[in-house]
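Each in structure tokens, the structures are laid out below.
Common to both upcoming complexes is chain A, partnered first by chain B, then by chain C.
Let's look at the complex of A and B:
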């Protein structure tokens, strides 16, 4: 198992190199750089600018710049953000945490619903409950996320029950610890709903199909013939085998979750990685872009690795593969 | 002595609004301690009969008696579970891939024996010995065993609560010839040791000849001929049985596509020796002692 994880981590290094190289390339291809803002400022002298250029090697050819970035990365330095006037590591670490909070909250929310809804739909196959769930999930699947966001924000404005944007209330610092958690949860509700609804609808259908397939399989028939209880057949045999394919989807879903989170963060004003990446790209804040893209990719790879480990933990066929 | 009999068993399915008579008045009997063969081409209703005996299909008409108790009644289901087990064609699909062999066998044992895992250990070791497997298999997962070994596990699992009847639904069809004949020998050995009754479903007539004592030939949900194996193999009577024997090496495709006019012999559209009388339903006729056929050619 350790071997497996180590191998996966090693494989992800070329992937990360590729992603960061392309990002670097695209930023450099785009006309202008961050210093253009400074150049236009009459109060900034030519010397200051060339000092900056030298400090960040912006006068060197592209490949050397990238190599320098990698060299610094290996030393644990992500560089400096021009617009935040702070080290990139400091800017993105809190942002990455916020994105993680949002993603995990959506994951938990999704899975709380997917399995019970899928099981209910499968057990009530072609009955009213199943048809209702199917109908609702088609509506859910075809509602665009941004539309749902606006709908929820409209509802929130109207009822004044939930905060409209951000991650904390203005008076956050004055709250007690429990108060802070409660405040965070209130802010999480809308973005979590937006991020999860689509996946709940899709995965719930897949769960239903998997469970029906598992229930129709030969070993389930055999289990009935052997006189096992219905509960044991459903929960020990059918359900566990139905969940396997879903765990694989969990890995893919993680990438969707991160990109979805970026959109939601921008609309809702959730101070996460997606938001900061967009800002950084706009202002051509080179090292901030690189840092946040790197961070996003690492989160993604971790998510995939986690789902592979989960799969190996539940499925002996994968666990014992050499 | 019959351990199990079915009377006028009818099971219908609707497929795309069409009525499929999977079992259309089936009468069979299983002699205790012997192997009864059930042969017929794909789709003739063999598995449906097995499922109906096990209580997974409720018959539209007719009954299944296990030692004179009607087990087609829901209230007698416990009797089925205690006494009748099934082994399927594909051992890879019959075992939960996430269970070790130990858990698989222990789970089956546990249904009727409230034994701790430690106490069950010796029973499981013994049952594996009976199916000629090493006790080291216990800690393995299904994907770590071969098809033949897995089928032995399935047999062990069916055997573990000592049922009196085991239905074998094409238990060797997914195995190669040598493995299949080893399994057949094992089954015969187990029968001699425990006096179990087998209902052996197959379309492989060679295997059926080797293992069975009584044969039933089924066509389109009906029994068309039955009798002691020697008589039936020596002197097949029904035109369908003859075709089946001729085509022993290639699969038959003689299922009626359209519903034959009600009451007519189902094989009528394909029968070489058909005449006008075949438009009536054929009656059972004992052509030689204990050898029966449903065909007008013999009732004239």
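Let's look at the complex of A and C:
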């Protein structure tokens, strides 16, 4: 297992290099850079700009700039954010944590609902409950995340129970520890609902299909013939096999979750990676864009790796050793 | 296959809904009572007009709307009310503003009112008719999906076909590139791609840019699956026969390998449209796509970014309903198609 994880991590290095190279290329193709904004600012002297240019090799050709960035990256420096006037690592680290909180809470919420709903739909196959769930899941799948956010926010304006934006209340610092957690949870409710609904709908259908397939197989017939109770057959024999494919999908779902989270973050004002990337793209803050794309990709790779490990833990047939 | 689609009730319904949507959108100048940029400051943020069937008091027995007037309240906000003394009967094939559509210049609109305004979905902050803007905006939103899907599918087919057919180093190189595309979170990739173009561009350029960005993101996952199919297809005897007949590699891929992936490609085409419609909407919503005064379903929703606007003018959320309906129809259609083409997977 350790061998496998190590191999996967090594394998992700060229992938990350590719991603960062592409991103670097895209941003450098764009006409102008952040220094153009500074040049137009009469308060910034020419010396400052040339200092910036030299420090970040912005006057050098593209490949040298990229090589410099990689060299700094290896040393643990992500560069400097021109618009935040702070090292990128400092800007990003708290943001990445916030995005992670949001993603994990939606993952938990999703998994609480997927399995019971999928099992219900499979057991009531082609009955009213199943058809209702199928109809609802089409609607849930088709509602774009941003539209759902708007709808929930509109609803929340009437109830006044939930905060409408941000991650913390104004008085967050004065709360006790428990109060802080409660405040965070209150702020998490709307974005979590938005992010989970889509994946609940998709995964619920897949769970249903998997369970039906498992229930139709020979070993279930065998178990029935041996006189096992229906509950035991369902929860011990069928369910275990039906869950495995979903765990594989979990890795892919993580990618969609990150993308979806970015948009919801921007709408709701959640201080996460997506929001900072958008700002960085708008202001052509080169190193900040690079840092956040890198961070997003690392989160994604970790998610995929986690799902592979989880699969190995759950399914004894899967062994990554040779 | 088409027969199976028609037989399935939900597929038929979605086909009809999509056909109606596309017709409305293609003939937008005719169906919309106003053009997309016709504004009237007297109707800024006017709520949807209530359509009444008849009124005994006014001896009016065809559908009509009352005039919308406003007063200013203590917060200096406009409060619209219906002026029941003034009625505007709805006239079909009404003569309104002139428009040009496919070389035909006309001034007939499907419906409209004389001497007043009719906003069946309300108006935006500049007093532009939301219904008209939705129809014009749909031209962009609904076509972007199809075009981007077609482009990414062709790329996916070609690259996947080549990778699977040749195998070896070419396969390795192309698939590693695919993996890079797939491992980057789509939204971040979209933003990074958008960053390589100047922030403010006009709408025609933005349209092409969106198509390019969306198809650039989408081709990789299709290519991977096509590659798998092509890898097994190339072992078939007819491929050897084609080789023996002296066809070149390109001809073999185009004529003897890719046609076998048709049913997968068709399903992938239909099922990837929703993601592209959503992608366009997301970019335009953030102000990185289609710009004002042009409309698209995404940028129409950008007014909803402020919570105050949603609360005070909830009708600005209507374009989202259109996105939802279009996307749901494509999903249902794609699922039914997949079942029709692959009977083994009936259960899903």
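The working rule: the second predicted complex is superposed on the first by the 320 of 322 C-alpha atoms of A that agree within 3 Å, B and C clash if a C-alpha of one lies under 4 Å from a C-alpha of the other, contacts with A are read in each partner's own complex, and residues count from 1 in each chain.
Basically, a residue touches a chain if its C-beta (ideal position, glycine included) is under 8 Å from a C-beta of that chain, and two chains touch if they have at least 3 such contacts.
Because the structure is predicted, anything quoted here is derived from the model rather than measured.
With chain A as the common reference, chain B sits beside chain C without any clash. Of the two partner chains placed by superposition, only chain B is touched by A:221; chain C is not.
For the three-chain arrangement built by superposition, the Cα-centre angle with chain A at its corner and chain B and chain C at its ends equals 90°, in steps of 10. Touch criterion not met for A:235: it reaches neither chain B nor chain C. By the touch criterion defined above, A:317 reaches chain B but does not reach chain C.
In the superposition on chain A, A:182 contacts neither chain B nor chain C.
Here chain B and chain C are compared by how many residues of chain A each touches, and C touches more. Least inter-chain distance for chain B and chain C in the combined superposition, rounded to the nearest angstrom, is 14, based on C-alpha atoms.
Residues of chain A that lie in the contact sets of both chain B and chain C are absent, per the superposition on chain A.
Residues 51, 54, 56, 78, 81-82, 84-86, 88, 90, 93-98, 100, 107-108, 111-112, 141, 143-144, 154, 157, 161 of chain B touch chain A in their complex. Those residues of chain A that touch chain B in the shared complex are 217-219, 221-228, 237, 240-241, 314-317, 320.
Chain C meets chain A in the complex at residues 176-177, 179-180, 182-189, 191-199, 274, 278, 281-282, 285-286, 288, 301, 304-305, 307, 310-311, 314, 317, 320, 323-325, 327-328, 331-332, 347-348.
Residue ranges of chain A in contact with chain C, taken from their complex: 12, 14-15, 18-19, 22-23, 25-32, 138-139, 141-144, 146-147, 150-151, 153-154, 157, 164-165, 205-206, 208-209, 212-213, 255-256, 258-260, 262-263, 266-267, 274, 277-278, 281-282, 284, 289, 292-293, 296-297, 299-301, 304.
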